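Right after this note come the structures.
Each of the two complexes below includes chain A, the first together with chain B, the second together with chain C.
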Partner chain A sequence: MNDLTLEIIDLSLSFKGLMETTKVLHDVSLTIGQKEKVALVGESGSGKSVTARLVLGLLQAQNKTRVSGTINFEGRDLAWMTARERRQLRGTRMSMIFQDPVSALNPVYRIENQFHEVLKRKRPTVSLDEAREESTAILGDVNITEPERVLKSFPFQLSGGMNQRVMIAMGLINEPTLLIADEPGTALDVTVQDQTLRLMHDMVEERGTSVFFISHNLGVVREFSDRLYVIYQGRIVEEGKTEDVFANPKHPYTRALLAAVPSITSGDTISDVINDTSAFLAPREVH
Partner chain B sequence: MKRTVRIILANPLSVIGVILIGLVVGSAILADFITPFPTHRGTVVDFTNFNQPPGWPNIMGTDLVGRDLFTRIIYAYRISLILGIVVLLLAVPLGVTVGLMAGYLGPRVRFVLMRTTEVFLSIPPLVLAMSIMGVLEPTLINGMMAVTVMWWPWYSRLVYNLTLAEREEGYVLAAEVIGASRFHIMFVEILPNCFPAILTKMTLDLGFVILIASSLSFLGLGVQPPTPDLGSMVAEGARYLPDSWWLTVFPGLAILVAVFGFNLLGDAMREVLGTHQ
Partner chain C sequence: MGNVLNLLIRRVWISLLVLVGVSILIFLIARVIPGDPARIALGPNATDEQVIKLRGELHLDDPIWKQYGYFASELLQGDLGTSLYTNRPVVKDIAQFLPATLELVFAAGILMVLIGLPLGIISAKYEGRFLDNLIRVIALLGVSAPSFVWAVILMLLFAFFLPLFPIAGRIHTDFDIDRTTGFLLIDTLLVGNLRAFVDALWHLFLPAFALALSGIGQAARLTRANMTETYRRPYIEMAHSYGFPGWRVARKYAFKPSLIPSLTIIGLDFAAMLGNAFLVEAIFAWPGLSRYGVAVILRKDLNAIVGTVLIISAAFLIANLIVDLLIALLNPKIRYARRNP
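Coming up: the complex of A and B.
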C-alpha cells in the first residue's frame, strides 16, 4: 500500500479510426504524492489533456478508445470501479479547473446556483442558503471583495480574472484531494494569469490538495510545480524535480522546449523552428 | 424589460406584429364580450337575414344560414389559437427531448433518433397530416394530433443542431467533470441555453400551425361544422364567389392577419433574444 494520491502505470491510449488505430499515449507512467504539485508539460497534441481526461474517467466509456495500463487514485484502480463509482469521485475527491473560465461556467445560471450545484455533489441535501454562506467564505479566500455581488451575477457579467477565481473557488470548495488544472488561465492575459496562479498556489498549499498541472507554459510551471514530467508525442521524455530539470535539462526535447521560451531580457530573437525532430524520440531521462 | 420595449419600438414592423397579435389574442379571449352575436358560433339559423353583404349590424356580412361572420371569425380565432398552443405544447417537448438525446447521447442514439426524424421530415407535412386525418375521424383532437405528428421533427432538428454546438462548450465538460448525470447535463445545463432559439421558433410556428390547420379544414379534414373554423369558412364561401365575396375574403384576411402577425412577432422575438441564425 502506498500513499500516492495518483499513480499512473504504463498508460496507453489509442483512438480507433475506420481503417487504423492511432496511438496517442505510449506507456505513460507518473505519480503524484500527497500535497504534491506535479506538472505535465508538452506542446499541443502531445497527449497532456487526454491524460487528464483519462484520470477523470471521461474517455474510458467511449467505444472508439482503447485504454491499457493502470490508474490508481488513492490506491484504488479506476478500471475496477463501476462508472457510478467513478462519477461519485468526480467533483468530490477530484475536481478540475479549465483553460477558459468564462465558457466553463454555464451562462444561464447565477454564480450562487452554480456553487449550489457543485456543493450538492458532496451533500445532496444542502440548501441554497447554506451554499451561499459557504461560497461567500471561500470567495473571500480567493480575494473577492464583494462576494454578495459576485454570487448574484451571471458569468458574463464578471471579468475573466474574476471568473477564474470563481472557478478556483468552485474547484476547491468540496475539499478534493486532487485538483486537475488543465492549462488554467491560458485564455487570460498574463498579469491576471500570474495573479490567479499565485492565488491557486496559496489555496492548495493551505488545504494540502495535490495538483496535477497541465501546461505548455514553462514559466508558469517553474513557479508553480514541485516536480514535472515532460511529454512528447505521447511519451514521457523527462521527469524530475522542477529546479533540476530547469537547471540541467537532459533530454533533447526538453532542451528545445526551454530554448523556445522567448525572453525579453536576454535580447535573443525567437528561436528557429527545429525541423529535425528525430532526436526528440530519445529514451526517457530521469533526474 | 425596458430593453425589450426599446428593441420592439425601434422596429415599426415589430410594433405592427405586437399590435396584430394583441388584437387577435385579445379578441379571442374576450370573444364572449366583444362579438355582437355570441350565439352565432353554434347552430343558429336565421333565414330572414342570410347571405347579407357587410353592413350594420353585421359588419362583415352574414353566412348562408344568416349567422354573423364577424362573430364567427373571432370564435374561429379562439379555436385556432387553442389548437396552435396545444400542438406546440405537445410537439415542442417531444421534439426537444429527441433533439437533446440525439445531440448528446452518442452515435447510436443519434442514428436511431435522427433517422426517424428524417423519415418524418421527408414526407410533405400537409400530405402526412392529410393521411392521418383520412384514417381518423375529423375532430379537433385528431386534428391536433395530426399536426403534432408533423411538427415535432422540426424541433428535434433545431435542438439537435444547437446541442451539437453547446456540448462543445466548456460548461458541459465542467459538468461532466464534477460528475453530473447525463439527464442533468441535457435538461439543466444545455436546454436553457437553447431556449431563445426554441421560443423564437415557437412564435413563428404558431402562425404556421394556424395556417396548416386551416388548410386541413379547408380540405374538409379538420374541425367540423358548426364549430367556426377559418379554413372551412373559406372553403364553404368559395362556392359562392365572386357574388358573395365576403364569405371568403374576411376569413381569408383573418388567416393572413394571424399568420403575418405571428411572423412579425417572431422576428421581434429574434431581435430581443438575439437569436440570429
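Coming up: the complex of A and C.
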C-alpha cells in the first residue's frame, strides 16, 4: 500500500455506439499524492473531463461505457466498490467544482439550502441552523463579506465570481481529501478567474486537500499546480513537475500548446493553427 | 412577496376585462345561431301572437346593443335572466348543476396531477429503458383517444363485465343527502354519513378517471420532456457529483425546475375539462353543467347559453390565475425580479 490520494493505472475508456466503439482514453496513468495539486492539461475532446468523471464514479454505471484499468482512491479500488459505495464517497471524501458556477448551482433553491444539502451528505441529521452557521464561516474564508445575504440568495441573484466562490466553499465544506476542479472559472472573466483560483489555492493549502485540476489553460496551470500531465487524444504525452515542463517541454504537443499561449510582451501575433499533427502522437515524455 | 401580490392584482384586472369581452362575444354569437328562440321555447303549437308576445318580453326585437345593455345591467345585479328550457332563473340552474361538474373536474384534476406527474418523473429517470417506453405508450394512448371513448371502455370493463364500480349516477338512490353545497363528497361528510361518502366516491371514480386520462397522458409527456432536458443541465451533474441518491436528484433537483413549464399546460387542461366533461357526463348520466350547457344550446336558450359560457370562461380564468400564482411562487426569478419602473 502507498499513501497516494489517487492512483490511476492504465485506465482505458470506450463508448459503445450503435455501429462502432470509440476509444477515448488509452492506458492513462497518473498519481496524486496527499496535499498535492496535480493538473491534467489538454485541448477539448482530449479526454480530461471523462477522466474526472471516472474518478468520481459517474460513468461506470452507464451501460454505454466500457472501462478497464484501475482507479485507486485512498488505496481502495473503485472497480471493487458497489455503485452505492462509490456514491457514498462523492460529496464526502471527494467533491467537484464545475466550469460555469452559475449554471452548476440549482436555480430554484437558496444558497443556504444547497449548503444544507451538501452538509447532510456527511452528517444526515444536521439542522438548517447549524448548516447556516458552518456555511457562514466558510463563506468568510472565501472572502464573502455579507454571508447572510449570500446565503439567502438564489444563484441568479449573485455575480459569476460570487457563485464561483460559493461553489469553492461548497466543495470544501465537508473537508474532502480530493477536490476535482473541472476547468474552474473558464466561464468567468480573466481577473475574476485569477482571483478565485488564488483563493482556491490558499484554501486547499490550508486544509491539505489534494487537487485534481483539469484545464486547457497553461497559464492557469503554471500558477496553480505542483505537477502536471499533458493529455492528447486520450493519451498522456508528457508528465513532470510544473516548472520542469515549462522550462523544458520535451514532447512536440506540449511545445505546440505552449506556443499557442498568446503573449503580450513578446510582441508576437497569435500563432497559426497547426495542420500537421502527426508529431503529437510521439511516445510519452517523463521528467 | 410584494411582487406576487402585484401580479395577482394585475391579473385579476385583466381577467375581469377578458370576462367582459367574452360576455359580449358570446352574447353576439348566441344571437347569430339560426332559429327563433321564442318559437323553439313555445313549441310548434303556439300561436303567432304568443310568439310575438314572448319576443317582446325577451326584448328580441330591440337593436342588439340595447339587448346587451339590458343583459349587462341585470348581470351586474347577479341576474342572468330566466332559462326558457327549465323556466327557472339561470343562476339557479347553474347553482344546481355546477357543483356536480366541478366535483368531477376536480377529481379528474387531482388524478391528473397524482398519476400524470409521477409517471413523467419515472419516465425521465429511466429515460430510454423499458419502464420509460412502457409509460410513453400508456401516455400516448391517453392523449390520442378522446375521453368519451375511455368512458365507454372503462364503463364496459369495470362496471359491466366486471361490476367493480357503479354504472352511472352520482350516488345510490337509497341515500337521501341534504344538498347543502351540492358537492356530494362534502355534503355526505357534513351529515356524517360515511357510507354515503364512500358510495359517492365510488360513483365518482370511473367518470373522473375517464375524463382525466388525456390529461394524465399530457402531464406525463410534458413532465418527461421537461425533465429529460433538465437532466442535461450542469446542476444535475453537480448533484450527482455530490453523491445525492438518484431518486433525490430526480425529485428535488430535476423535478422542481421542470415543473414550471408543465404547470401552465396542466392548468389549461384542468379548465378545458369543464367543457370536455360533456360526453363523459352524458355517458355516466352525471347531472352536471356540461350536459346542461349542450341541452340549452340545442334549445337556443339564449340566457342559459350566455350564463353557462360565462361560468366556464370564469373557471378558465381562475384556473389560469391560480397557475400563474403557483408559477410565481415556484420560480424565484419571478418572485424576486425587480419591478419595472
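The definition used in the following text is that the second predicted complex is superposed on the first by the 287 of 287 C-alpha atoms of A that agree within 3 Å, B and C clash if a C-alpha of one lies under 4 Å from a C-alpha of the other, contacts with A are read in each partner's own complex, and residues count from 1 in each chain.
Criterion: a residue touches a chain if its C-beta (ideal position, glycine included) is under 8 Å from a C-beta of that chain, and two chains touch if they have at least 3 such contacts.
A quick note: this is a predicted structure, and the numbers were derived from the prediction, not measured.
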So, after the overlay on chain A, do chain B and chain C clash or fit? They clash
Note to self: Contacts for A:R90 in the overlay, against chain B (first) and chain C (second): which applies, first, second, both or neither?
What the structure shows: both
Touching A:F213, do we find chain B (first), chain C (second), both, or neither? neither
Check: Does the superposition put A:Y253 against chain B (first), chain C (second), both, or neither?
Finding: neither
Worksheet item: Does chain B (first) or chain C (second) touch A:F73, or do both, or does neither?
Response: neither
Message: Under the stated touch criterion, which partner chain does A:F224 make contact with: chain B (first), chain C (second), both, or neither?
response: neither
Worksheet item: Between chain B (first) and chain C (second), which, if any, makes contact with A:F154: first, second, both or neither?
Response: second
Which partner chains sit in contact with A:D100 here, chain B, chain C, both or neither? Use first/second/both/neither.
both
Does the superposition put A:F115 against chain B (first), chain C (second), both, or neither?
-> neither
Running into chain B, out of the candidates 3-11, 57-65 or 183-191 in chain C, is stretch 3-11
Residue overlap on chain A between the chain B interface and the chain C interface 56, 58, 87-92, 95-96, 98-100, 103-109, 117-118, 121
Listed in rising order, the residues of chain B that touch chain A in the complex are 106, 169-171, 173-181, 189, 192-193, 195
Given the complex, residues on chain C that touch chain A span 233-235, 237-245, 252-253, 256-257, 330-333, 336
Contacts from chain A onto chain B in the complex sit at residues 56, 58, 62, 87-92, 95-96, 98-100, 102-109, 117-118, 121
Note: in the complex, chain A contacts chain C through residues 56, 58, 87-92, 95-96, 98-100, 103-110, 117-118, 121, 154, 156-157, 180
